[in-house]
Amino acid sequence: NDSGKIPDEEWGTITSKAEGTKVNMFMWGGDDGINRYIDEVMAPMIKEKNNIELNRVPLDTPEILQKLQTEKRAGKEKGTIDIIWVNGENFKNAKEQDLLAGSFTDKLPNYNQYYDTDSDAFQYDFGTETEGFEAPWGKVQFVFFYNSEKVKSPPATLEDLKTLMKENPGKFTYPNPSDFTGNAFLRHLLYAKTDSNLARDGFDEEKSEEIGAEVWDELNTLKPYLWRKGETYPSTLTDLDKLYSQEEVWMTMGYNEARAEHLIKDGVFPVSTKSFILEDIGSIGNTHFLAIPFNSPNKEGALVAINEFLSPEAQYEKLKPDYWGESSPISYDKLDEEWRKKFMEIDRGESVLEASKLEENFKGELDAAYVEWLKENWIREVASQ
Amino acid sequence: MKWPANNALLLLPGLLFFLLIPGLGVVLAMWESVRGGGVFTFEHYRELFEQDRFITSVLFSLTVTAVSTILSLFIGLGIVKGFSPLLKETRHKLLVWIPMLVPHFVWAYLVYLLFNQSGFFSSIAGVMGWIDDRSQFPILVQDRNGIGIMLTYVWKEVPFVTLMLLPVYATLSKGYKEVASLLGAGPYQTFRVAEWPFIYPVLIETGAILFAFIFTAFEVPRLLGVTSPQMLAILAYDWFYSGNWSDRPLAFASLVMTGLGIGVLMWLVLYFTNKKRMHITKGIGN
Amino acid sequence: MKKTSFYSISFILFAFPLLFLVYKSFYGVAAWGSPALGDPSVRAWELLMNEGGFLNSVWVSVWIAVIVLVLNLLIGITAGKVFSFSSFRGKALMEALMMLPLFIPVLVVAIGLHITFIRYGLSDHWLGVALVHLVPTIPYSIKMFKTGYERIGSKLLEQSTILGGSAVKRLYHIELPLLLPSIRSVLFLTIVISLSQYVLTAIIGGGNVVTLAMVYYPFTDTADEAVMAAFSIVFALIPLILYIILEGCLTFILPYQHLRRRKRK
Amino acid sequence: MSPFIHIQGVSKTFKEKEILNEVTFSLKKGEILSLVGASGSGKSTFLRILSGLESATKGKVLIDGNDISSTKPQNRPIGMVFQQPLLFPHMNVLENVMYGLEMRGKKKRENKRKAKDYIQRVGLGEVMHHYPFELSGGQQQRVSLIRSLILKPKLLLLDEPFSSLDLQLRRELRQWVLNVFKEEGTTVLFVTHDRDEAYEVGDRVAVLHEGRFLQAGTPEEIYYRPGSSFVASFMSDGLILSPRQFIHASHLSISASGQNLPYPKWKGKIQQKLFVAGTNIHEIWVEELKQKLHLPLEWESSHGTVWLYAEEENIQTFQNEE
Amino acid sequence: MSPFIHIQGVSKTFKEKEILNEVTFSLKKGEILSLVGASGSGKSTFLRILSGLESATKGKVLIDGNDISSTKPQNRPIGMVFQQPLLFPHMNVLENVMYGLEMRGKKKRENKRKAKDYIQRVGLGEVMHHYPFELSGGQQQRVSLIRSLILKPKLLLLDEPFSSLDLQLRRELRQWVLNVFKEEGTTVLFVTHDRDEAYEVGDRVAVLHEGRFLQAGTPEEIYYRPGSSFVASFMSDGLILSPRQFIHASHLSISASGQNLPYPKWKGKIQQKLFVAGTNIHEIWVEELKQKLHLPLEWESSHGTVWLYAEEENIQTFQNEE
């Protein structure tokens, strides 16, 4: 297909056209569990069911988008990327720059059958309307991780957390908000300072200034109790994880409630690692998606593969802690009995909170504009103070 | 030797390479830095200088870069000078070149693992009982003075300096040294007359390469730097990948400006040293 | 005495970090202030070996590095010769220009390079990747060969000219053997740089060309010290081995190699 | 026989300084020309122009009637031995000598035999496998000489090839080299600073001075009938009486006292005895003309005054004053 | 006067080959020793050992009674002019000459004046600001010479300093250099391959052969009474009659016919006329002894047979056969 558009044919035609082709999936490749999930579970599955060869290429998302944008600029109609893994800012950029092929989710049998297509979580991605340009692949929620040997009872509220920090100076810090997770931490604080549901109202500069002022105050007063007295902050979540794994700090965090499982198993995190959320604020959750670039050379193959990624089998394997352990955006209601049971029976591991607790405290993502706004203002208001 | 036709022919591969491959890239980068809404403008450069963050970052980068470059050159030269006969052997060379084998950020990571407050040395100090708690260990990485960054760069670039200098030392004529020493030159003066003229062009060029590299690379400072002050490269990187790409021109402007600055400096250096170098090239071989 | 101090200095400065990495790859995170090492584990190494396409990526990388090397020698030697032996107007400017790719970071030239390669139809192809690896290597090679030729001096080359023979023969018999120290350095540097190119490879290779760096780099964003260490070691060993092999080849390819340690008066 | 090499109006200027000024002359095939001239007069430069390493500012060079000005050095049928030995440091003696042959792509085995032969001939058999840095100055020079000689070029340019050799060796080599030349019919341009050598080797001798060939002729001509006072002082023995007058030493007689001498006479002071070729040659200082002269003396008088005299008719007058 | 420099049992071995073998001798202050020897005999090596650039395998060197074997080259009171000019390529003539003075840290201005003076003296005023590659071979050699000379070292080692200069210049420089030496009382070791030069310059002459000083003595001694057949053939003129017998050229007479000569006589063949110092010196080949001889001939006969004869009593017998 060289029209640059999502193929218009019947699903049957698409699948038969896709047969025997190769699909290139470009995605962040820094997690062994995820990589193995793709290579050892999904690739064989797709090969067997659809006779499509799935090829994973590790590349950071901003670079993928950069590549697409340059190809667009150079008028390259036939690229190499068939599927990308995006959300948030990146999606917004990609969509605004016309880097995506277009709306395709309504074509996917599995999406229509097993997912709650009307859900806000799928309609909006950080405030950006998805318009079917991307299909939900996974769902994560923000949690804190702590070393239960050092912290006997995890804080339940922001106040608790602050007390804990004051009692144990230097044992807590958060990543620089230019990092995805660090930014999410600040977004929680925004939630804490307001009663309105920020997720609903798009970005409002004036309002953010207002809430922001309180957030900066708070952060500045907390500074002396932070790791290295807030002189510096870990520049990425990885850096914070390192501090945590060396037990230099007692807590880390992450935008995936199950991410500690692997790290504990591999001996990176202490076995006593547990997770908690701040019940007064809640925990922001988001969905991440799969999309098709504008110049994918094999859009049929991409569609078929994405459909497969959304299937209950695939999602089930993803949820199992063996490889990835990430929760699924699938609607349990729409599953048949057998599948639902299988899903419910999975033991996600010691460090993962109860699904019900996560669900209760779920908060929607903010508009992507907040991300940039927090990044810039934090540097001015906090870092260089 | 003067055969103009030959020269043009010999220069052809190099010129073709430069024009056909990086040429457009370099031109485009410059263009992006002076493009504003489709017209030519120095707006982005003006904007750069209005940002305090930029100024502090440039000053910090300059200090860190200058110190690292100079130290690397010094130590590298020292090692080559001290051990040049030994360094002729492949295994010795490879031993010294080890740090070049691993990428910069790995080296940064190593420095981090060795020197952070929970790191190897801190831990050893703890085991030995020299310190009771890791917070007593001096902050050597992710420090405000850039010590960690400089440590990494010096450590990593010294082998590069030796790599650049070794060929020169391997072919240095010992006759000049002998003459100098018989004319009464002490070790330092012998070095000045029989080694320095042959190595300083290489040192300057190596220095320029190092300077450019350290000034503009972001991997090391990302791991070992502090949130503020920031190395320019980090700033540029942030701008480049900032959410909606609206800050990109700033990234282009800052990097193109420093790149061109170093380029022009290089040009001047070459312009003023080439003649002397030519004297040497023609005069060697008696 | 000199030898001893050489070995101690280079061990402390250069070999120790590598050994430390080896240690890390087996032991991973250690608790602060505890003298016990913990149990060694080959987990990181297993992971490395199981990584899909690892072996294949090594071959691709090596193949590309060799192509890059050959082109570097060609361009570096020709340009280095002109820049060392001739004077012409604008020489300094041209030299400085050719170094520009080193001064302007990949971050901002990558876009232009990508467009260039799309135009040539070389993007997403190993040849394109090999060619783009020239950008960060050629300037070094030109410099190295320029100084290499400067050290030979013009008189010796005049002498070889007078004794006749084609330019190629003279290159082979006189220039290359005398440039040997420079060739060695270029060899090493080119291999190391080519093998560690990530961003350029990713962009121009478009995922069709999976080099070692492509497999390796994503793993560096991890808090898992053992994995990082194991990958880094392999990543360092491959250029090392390749260099040793090529260095061995040099001895066969170049004439007049029977005396291992030559001196010049 | 038409000239083998013809040099026409060759000039060379370095930094506005004229080194060669419209040099014109020819050599026949097989002829050997000794080129002499003061240090820095441009002899080497001249050879470099012929060999193509330096381009002339003006003029052209014809070999067998063909203009070779635009031929590259390596394609000219010319061999050259440089003033410096310039051995390839990475090759041993044998390899250095074989190098030129290899370039001509002949059989390796044959080359080796020939090279070894030449090396033996110049007495370097023992150091055949030494590298240049292990050779003495004279050894290096010999290697450099045979490295070019072995190629048997049609035209050979030799730039002071024996300057670091002792008399004995130099004589032997000279003899051998001359034989080789005559055998091969090599045309040779031989630069030397040794007057005796110039006379011995050259069929003709040319004197380069201030950019021009002041005089070129057979050794006898140059020695006995120098054409100018420079040639006289540089290449002959005798007394220059005025810028245009000269008396050759062979026409000078010596007397212990200056009385009763009917001829032009000059007072001389014996300064020292020289050791030249078994005769009692003494250095005599002629105060009047501020000149030194070497003459054989019959009697043993190491410090004293003598008178030199000559017949009027033997005084030569130069055509052109300088 | 006690010896200024004393060399005691110095040996040097390169690759198992013995170059110098227990060389022992002394020089008085202000004495000039000419060192001669065949090419490759080890003259340069010997100088390099004295200067400290090469270490001796055995033996020691005393200056003013102090062993300097472990003194670094730059701290020895020794200057040396190398066989190659080795000018610093990045410095012009003036800078090269001034270099050594600067090292001694004297006043720049004074240095410059002095350097300029020396440069003028050796006729390089015009090329004072040239770089080495712009100099002719002889010019380079002169620069190299004065660069060491200007430092007025107590002991100066000269390694063929005039080899690329023409006779005229060489004579002038020799004279000037000798004056400087005498003025400064410099002790000099002067290596040359030119026999005449060795005799002219040296107070004493030493002959190096096969690692040993075969003979060392005044020029007269060496020339008229060579101690061995090598010295005779290398440094003297005459006929070597047997490994132990020699007759000096000054005792040889020539006769056109061999009849009626009561003395030992040898048949010779005139081979060519040489141009040496205004006398009719001819090269004579003595078939019987397979030797060549240069002798003055009274008559003009360019190719013919002559007879050489000498008185029995003038035949010398060497002490030691080689």
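We just call them A, B, C, D and E in the order they show up, numbering each chain from 1.
Following the convention adopted for this analysis, a residue touches a chain if its C-beta (ideal position, glycine included) is under 8 Å from a C-beta of that chain, and two chains touch if they have at least 3 such contacts.
Every value quoted in this text rests on a predicted model; they were computed, and no experiment measured them.
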Steps needed, at fewest, to go from subunit A to subunit D via touching chains: 2
Which of A-B and B-C has more C-beta pairs touching across its chains: B-C
Chain of greatest Cα-centre distance to subunit E: A
Distance between the centres, which are taken as Cα means, of subunit E and subunit D, whole angstrom: 21
Whole-Å separation of chain centres (CA-atom averages), subunit B against subunit E: 54
Distance between the centres, which are taken as Cα means, of subunit D and subunit C, whole angstrom: 54
Touching two or more other chains - residues of subunit E: 84
Per-residue multi-chain contacts in subunit B, two or more chains: 1-2, 118, 134, 175, 280, 282-286
Multi-partner residues of subunit C (at least 2 other chains): 32, 110-111, 115, 155-156, 158, 161, 178, 220, 225, 263-265
Touch list for subunit D against partner subunit C, complex: 51, 53, 72-74, 78-80, 82, 84, 86, 88-92, 95, 99-100, 102-104, 131-133, 147-148, 151
Complex contacts: residues of subunit B adjacent to subunit A: 53, 112, 116-118, 134-135, 139, 142, 144, 222-223, 225-228, 238, 241-245
Residue ranges of subunit A touching subunit C (in the complex, touch as defined): 24, 26, 28-32, 35-36, 39, 55-60, 63, 66-67, 70-71, 73-76, 79-81, 236, 238, 241-242, 244-248, 263, 266-268
Subunit D contact footprint on subunit E (complex, rising order): 14-15, 36-45, 83-84, 127, 134-139, 142, 159-160, 163-171, 193-196, 199-200, 219, 223, 233-234, 237-238, 248-250, 252, 272, 274-281, 292-296
Complex contacts: residues of subunit B adjacent to subunit C: 1-2, 7, 10-15, 17-18, 20-29, 32, 79, 82-83, 86, 88, 90, 92-103, 105-107, 109-110, 113-114, 118, 120, 122-123, 126-127, 134, 155, 158-159, 163-164, 166-168, 170-175, 198, 201-202, 205, 208-209, 212-213, 216-218, 233, 236-237, 240, 251-252, 255-256, 258-260, 262-264, 266-268, 270-271, 274-275, 277-278, 280-286
